[in-house]
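Quick one: the structure is below, questions incoming.
Chain naming follows the written order as A, B, C and D, and within any one chain the residues start at number 1.
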Amino acid sequence: MERKVLIIDCADAPGLITKITGVCFAHGLNIIKNSEFVDNAQGRFFMRTELEGPAFANSLLTELQTVLPEKNQTRLVDAGKKRVVIMVTKEAHCLGDILIKSYSDALDIEIAAVIGNHQVLQPLVEKFDLPFHYISHEGLNRHEHEAMMLDVIANYRPDYILLAKFMRVLTPEFVSQYPSKIINIHHSFLPAFIGAAPYKQAWERGVKIIGATAHFVTNSLDEGPIIKQDVIPVDHSFSAEDLARCGRDVEKSVLSKALHLVVNEDVIVYGNKTVVF
Amino acid sequence: MERKVLIIDCADAPGLITKITGVCFAHGLNIIKNSEFVDNAQGRFFMRTELEGPAFANSLLTELQTVLPEKNQTRLVDAGKKRVVIMVTKEAHCLGDILIKSYSDALDIEIAAVIGNHQVLQPLVEKFDLPFHYISHEGLNRHEHEAMMLDVIANYRPDYILLAKFMRVLTPEFVSQYPSKIINIHHSFLPAFIGAAPYKQAWERGVKIIGATAHFVTNSLDEGPIIKQDVIPVDHSFSAEDLARCGRDVEKSVLSKALHLVVNEDVIVYGNKTVVF
Amino acid sequence: MERKVLIIDCADAPGLITKITGVCFAHGLNIIKNSEFVDNAQGRFFMRTELEGPAFANSLLTELQTVLPEKNQTRLVDAGKKRVVIMVTKEAHCLGDILIKSYSDALDIEIAAVIGNHQVLQPLVEKFDLPFHYISHEGLNRHEHEAMMLDVIANYRPDYILLAKFMRVLTPEFVSQYPSKIINIHHSFLPAFIGAAPYKQAWERGVKIIGATAHFVTNSLDEGPIIKQDVIPVDHSFSAEDLARCGRDVEKSVLSKALHLVVNEDVIVYGNKTVVF
Amino acid sequence: MERKVLIIDCADAPGLITKITGVCFAHGLNIIKNSEFVDNAQGRFFMRTELEGPAFANSLLTELQTVLPEKNQTRLVDAGKKRVVIMVTKEAHCLGDILIKSYSDALDIEIAAVIGNHQVLQPLVEKFDLPFHYISHEGLNRHEHEAMMLDVIANYRPDYILLAKFMRVLTPEFVSQYPSKIINIHHSFLPAFIGAAPYKQAWERGVKIIGATAHFVTNSLDEGPIIKQDVIPVDHSFSAEDLARCGRDVEKSVLSKALHLVVNEDVIVYGNKTVVF
């Protein structure tokens, strides 16, 4: 038995579920799990269906097109591990968590490589027998630096790029190469404390809760579609450093949960938002 | 346009979604929202569908029966307010919250009446111009007391009975009159601290989190299907009284959320569990 | 036995705890509970001490001054109920929660009166036999409207003013009459979504968590010292209205917890932050 | 400047704070941070004080004894890293998290060694250049197996022993060698689901929240003083395996937070409870 995930994003129309599941049923496919969502405000239909069957005929997608509205976005994705390239700077907590989870098969990913603009995390990556590419930005302009990284990334043909505390802003040119494929962890509860030193900002504001946000990267810094957020309570006795220390635990937890959702094909991006089934 | 909720609980079978939504589509009904769940371990299929259309023909349920496995449980429920009888003892927090929410239309319920085995909450209920029935258990055996309450309840033909800190155990005879219709708030994170004085038990055990559980009442005390649970962090500085005070906030919040889910037809009971869409 | 709370806020200095508790001990007072906090970054010392004794001599505060640094802020507050004036507009959820809690002695407050710039909540308030003052802003300029409200408030000599979804911005002139005495609930997780229609902003941003913030009111709108914050998880299926509905539960819970902390003398304001013991 | 933590646990008595801080002050020590708690129900006083000074005279503890009630438990602990021996079976998640945190100096510990009754985690431990002792229980009775482990542990003179998913019950003889020094993570929200297969129990009960509990090990299985607990929401769609997968994230987070508290000297054990400052 083979297993795949069908993802559909199209204009809403009467009878869509009947027609779509009808095509699957006619193909001898069993629905393991099915989720739909209709954004009534925008008249948009989203569906995620886990299918199982002896074989998936090529005609499945063609026949689905005959029942779907035009301009639909439909994909049929293999279950199984996704290839991920991780980009880092100096901080170990998010990278370390992903390494351990991948090592112990707790995430359905294959880490293709890690790219760092600093060298400090190389020993940690190599403990796990994974390639580490040190690509310093020193002496390079932004364009040159990104071109070097894009070259390395292209070789690995990743399904997703994970920014695990990569502390440089990517240009629209970089981002446009991997639309809805780059996942970032923002060390803040977006949209609060956008930009630099969010824990210092949080400390100065005297907030009683801090959080982290995992999102897809778009051209607007800190503004891409949010995948996952979480928070922890804090109090007056936390210094800015304490906030950062506790924040790191939330960051790694949120990033790793977001990655799990994405590689499990639970996330559909539309506009600047996500449907997370 | 009319709006109803279709609830189906049956053995799993291939093509169920296609067939069910096909019948609805043929009846000119639009699916506003659809949720399914398959319990693969037990081969059981659950579906909740919000339908909208100019009219709901009587033939809808008959035709659905032709496509559903035998022994299915299928119901079509009107959207709109549900009638609720509330049973209380002495504590005001859960009752008060429901009164305010009902008063300000924040819950889709009509409070038919409140029954108390003590009189202390009568003034609060009467502020809201609702009938309060004081039915003391003093001098009565359990059977006599319940018979009196059942008489009063029957007059109101409630959709649901809410035990808002009603501190007496109901007999199987009582419960069997309203299967999956009686909602209780248990002042504990079930299955921990079953039985009496849970906050004292929690304090003695030195737990760092306390919680509350809303569940349907079955014949086994504290053992019915769980609808909703929530918790709050506590610490060593909380006395048993502090635990109880903070616990009351969780209790009222959990009970009111559970009631919202139930009257919104989001909850399906099966065995000793619930599907909450 | 009498019970009071001693609050001290002063520059940090060696031996402060010894000296302060020494004075209390010499006065025959027993320390029931003691909390201190030193903000090392700013060299500031905060202390909250619950004292019990047969009598509190007038000389206690005088003698404390001999051991404290200059420019300290020291107060000795009676335990017991605080007088509160509540200001509202149209929404019942926060007001209703406070009314029920006060009615059932779950908050150490005496509600002196409720002021509304709309009349819609008058019947609810009068159910609890409390004075409701309808002071419309129609046909008045801001100064005139505030003057009328200040007159009414002054008559009640409140310890605190609670803005329970009072939807008008107060002028600096109003606020300056009650420094660190006006508590507001902001329907957002500050500093995110400052200003109007925060739930619509949250919906448009596609956030996965929403929250509420209780804070003291200062001259800067939405910018006063934060007392309490809390959040709930949300997802793509929530409309802006759903966000608002769930948000109301967080708002009322956060406001009522903040009020409990404030009337319990657990909160010290300093600069734009709070110490919450 | 030297820094130490003073921990005092004694019968409550008037003037204790004055006297204790007075002795510290007389020794030229500055109080960086101070926390006390009085368990009024049991008349017990607990204090944790971070002290800083040019030197800590030996006479400090002697002089403290002159002001403290008899049978007090007083200790003065160096700030700095604590030595930890970790015991494991087969699961990597808790061990992996501690390894990464220790590697990146996010926990104030030195991992002296890891002991496994299975060999599967040896490669992971050796990536971090740490000794792994494979001590199988096969063919040994419980006493022989524990004797072998105790021998290895004794060589490392650990401050604490961490059971990071060590799946064998320790005998009272073992536990009595390290009272209040062995920290366990229980894969459940104690006291619910004591014993084996808690996630299966949770699934069968249909709970809506699962949790984990870190506690000191005493002679009663699953019954020692609780240090830290946390929970996550779950729903009907979670299989027992899903519960276990999500539970592992909570387990590792709770264990690592508990370890941080313990090595930071924030935890005082008394009876079967903890004070966590």
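The rule is simple: a contact is a pair of C-beta atoms (placed from the backbone, for glycine too) under 8 Å apart; a residue touches a chain by one contact, two chains touch by 3 or more.
Each chain and its UniProt protein: A, B, C, D = Formyltetrahydrofolate deformylase.
Here the structure is a predicted model, which is why all the values come from computation and not from measurement.
Each of C-D and B-C has its own count of C-beta contacts, and the greater count is at B-C.
Distance from the centre of subunit C peaks at A, each centre being the average of the chain's Cα atoms. Taking each chain's centre as the mean of its C-alpha atoms, subunit B lies 35 Å from subunit C. Shared contact sites, meaning residues of subunit A that touch two or more other chains, fall at 40. If you check the complex, the residues on subunit D that touch subunit B are 37, 39-41, 189-193, 205-209, 211, 225-231, 235-237, 239, 272-276. Residues 14-15, 17-18, 21-22, 24-25, 30-36, 38, 40, 233 of subunit B are the ones touching subunit A in the complex. Subunit C makes touch with subunit B in their complex at residues 91-93, 96-97, 99-101, 103-104, 106, 124, 127-128, 245, 248-249, 253, 256-257.
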